[in-house]
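Labels A, B, C and D are assigned to the chains in the order they are written; within every chain, residues are numbered from 1.
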């Protein structure tokens, strides 16, 4: 099972949400990882297979540990902690871990280089000293620094879908960084398993609506990364929409061409940048990416199109929000931190239909 | 039943598609209309209740006529013909009708003032002489001319959702007509009942993708109306997406402010323009329209929001594509042509959940 | 508007749930009814149009009253109270109403002739003295008594779909009352708008499962009515399933033939019994009813089929759980109580697709 | 990659349907298999990644062969042929294969021991001589014979879900074989990718209906296996329903207890029979199986419940129709034919939500 001779012993902190369950799904198929601890808050003490019956067979077959409170984890037996917690909570847990333990955080807590920006959107940063050790975990962009990082702050789902196409184009000066419109469509699992009226089947099925218009917390996260790429502060139009699907994000990006580039040039720039990437695929001219073609997988598909409006282009980018947008990218980052091939445990094909 | 003392005798030409069925649904509840003929092409001879079982009880109770071939209609007993045919076919039928019969066309055949533009997108115009008699049937914009028109070319579903907010703002000079981005999301019924792989449940459910990127036939239709409003030729970014819902269109419009207007000014302009309209409702600041809130009804809900990008605004517009985007607007236009209150037969509330 | 010269002044108690909203949707289209009061518990004080935006236009146009606490209703101005409350709560409200006010209860509180049976499944009956005044509101079966009843206890959605075909056949001795298997499939709105993990989109979409197996509270309600029809106490297999749709119930009934009857005889018996009913339709041999063919309407469609197992038959029965299974049947009963045509306000056609 | 030192060289005949695509998805993750040929009829010549874009990355990475006509396959380089063809077509292909090539047929062509029964439901059997070499591929029941079989006729999806719980109980005499009612609910992928009006999104979404009532072709297949288990000819009530989900079958089985058995006894009998099975899991008392808990996996979950009707029990059985009901069971059978561990290539966990 473990070709390298050493197991990576993992704890999943916050295993009772959809992201936590997705981590379990991926990690039980990872040849080098053993799940040594799983924590939950209100559901501590419950059998994981009762909380997520789709993994009940895996619990039995692999003798996965029960859900415990985070304080009951024996950290001396853990190499990496995946944190699938609400914002604010990850700071507190990260503080109490031995320095030896690597942290892969899926919350927003370690995404912002500037704790002040974090504070504006999420409240006071609970571990500003640790922030200096953290790297923004957009793997394809920051993989060298991720390898060495103790803490990886994994990007949000919307930022992942948006930034993978945007960053290389901004860096190349091929699009205007100040005039990017992101119309994003998301499945419902992105809202988590919390009980909210807006997540009820009858409120979501057979309809679509925008939400958090001009106020969504992923806007500053996208702006941070775009600003780094542009070398100056930029803002973005980010308009998310909630629609009836379990998984998937489509980011439709409307960009202004710059530096004399054409839509074909954008596609070429992205294709070259990502030509050796296992998970980012730039589609041929005319091919439209669809969320259902990445479901359950760690892929990001990108299509580039000329616009009817002169001087503009359209970029379409799709991911599975729970995989490349959360648990998959987290595992990819862990692979990098522990010197494994990034693809390890992430080779499942998309599930369609 | 018929307060005016005169029935409007209607023929539904092309009653075997979703639009045709929706016309039947609405017209059987219209107090002044009697459906005297229904035609179908391949399904001529079948009982309408077998083709659309949800209306089988109405067929029985109201003794609706059987589906016949279009050539078998006795036009001497018809006052108005609703044409729910594929493009190209409506021209041919319109040609053979007695001049006395009013025509409400739901195809693209009579939407383009310039037959050359029609030709570029749909093929040769089959009745350019009749085009001069036709009025573009966006009721709230052209209702005076519709009243007198023999032929009404009802707008497409996407144009209806897009143009109702755009036209007043362009006319007011409050937005830039040259920089409008329309990211539209549509339910599947818009593709009709034709057998296409892309309309299969398993190809649509649990996913979203753009289609017809920069090439959709509703782009020139939107541009025609925007150009009239702007007083010059303009182009538009129109990017439709197909998503898993039966009915509904959400048009997310990204616009550049002009003439010193703010987002609040846009909302105010629209609110004033539509303050007496029964079907167009401009929502209060902060209220987000959702397709599920207009399902089955003739309403258009519009919300206006400030953008994070300076100098821009976001407009969200929703309709039911089969009602306000097709059959409902057609009935509204017929009411106008025959001097009825526009609301007659269209007072059903939305169906939610 | 009001042909009879007298308005029926209605209060909707518990208007913030899906059933309450559906009552509003139907009653605003009822020519003889004026909604004079709407109550909510936690949402009292909110605008109804904010709680249910699909009816916001109706609120404005018809000047519907705001949501108030039940204690703030002026009962002297009310003729009929629709109670859309959780079980137990309806008893308390019914107690405090003037005797002049008719009650149409949509909860289980007045469905059980024997308060002891109610007690076994729902807890102590809070108004056993009023129970004597109550009639079980399965309109087609009990309409004579409903006309005179002060309190109508409207049937549950599953019982309505199951009992309309079963009762005439048991009464005719054409099926065995002791061997009826009801495999029922329901949309999610039946679970209400309460926040439950099992009602979340991601827990319901793209799947199906049984629930409450052999323990669902609608079993004793069905058994009560079947026992009355059979003239002896009978039990039933009732197995409900939750599936991804907003509205609709399909009851698949597996019955043993009795008294020498064939499947054709069952169909004939039902067709005769319901031949003059506006809302119950017995389909021709070979025609399969579908929930989507009754969506939004008060219809019940019934199909009868021979079984491959000798001596058995299959009966398929569909309704919209929020209309014929709740608010529609409630309005039908109110029409009967106030001497109106039962169809008044219920003539909307089903919405498909 | 291939621990055994020998690759299994596979041809997928009929790779352009959902079942074919699912075979590709599973086999590209199988460590011992190389896909050497893929055929399609009308789509021969197209790139597989264009026909199924969700596998386009796999096509590129693994250099999968293009789609060719079946006559263009070099059978000398093939060890096993998976046939994913319509009924009738598999007979013709099987005839022309070298005897050395093992056949795993996913059509009904080799499911019926008696060609006459096949003929009654599907038309004349095209290879009655080969039928003698064929084994019914319900792995858990016939695995010894499957190991030696040249041709495996894989069961239909409904029979798989129904027979895995039924056969051990009939063999044990714990249920009456003559009084089994199977109310089955299926996702839409079971109908394949063919263009049928009934498979359109708008015809399926938000509704449910039975189909093929008392006439579905899976009834005789289920009866064949039940008759073998009972030692006499038996018939069954099999009532399939089509519902809005991509994947999944729930078979709700209503059975009469026999031989003094209780519902608990049934559960115990099944638990013992399947205690060492990797893919069949008998759930603890009170736990309800759901299709979404097996999505994308080869699992079959079974729950057993007492009935309110004395002397009866309820059995709930779920599978993913494209995996355990088709491609997964096919791979499981191939593993058996080639001496591999049955789990090889089938260890993916279910995808939820």
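General remarks:
Basically, contacts are C-beta pairs under 8 Å (C-beta built on N, C-alpha and C of every residue); 3 or more make two chains touch, one makes a residue touch a chain.
None of the values given here were measured: they were computed from a predicted structure.
When you average the Cα atoms of each chain and compare centres, the chain farthest from chain C turns out to be A.
Across the two candidate interfaces, A-C and A-B, the one carrying more C-beta contacts is A-B. Note on chain placement: the centre of chain A and the centre of chain D lie 35 Å apart, centres being C-alpha means.
Chain geometry summary: the mean Cα position of chain A and that of chain C are 45 Å apart.
Annotation: 40 Å between the Cα-based centres of chain A and chain B. The residues of chain D that reach two or more other chains are 18, 188-189, 202-203, 205-206, 244-247, 290, 292-293, 295, 353, listed in rising order. For chain B in complex with chain C, the residues that touch the partner chain are 18, 21, 25, 28-29, 52-58, 61, 188-189, 205-206, 246-247, 278, 281, 287, 290, 292-296, 299, 347-353. Those residues of chain D whose C-beta lies close enough to touch chain B in the complex are 18, 188-189, 193, 195-197, 199-206, 244-246. Contact residues of chain D toward chain C in the complex are 178-179, 181, 183, 185, 187, 202-203, 205-211, 213-214, 219, 235-239, 241, 243-248, 250, 252, 254, 288-293, 295, 305-310, 312, 314, 316, 318, 353.
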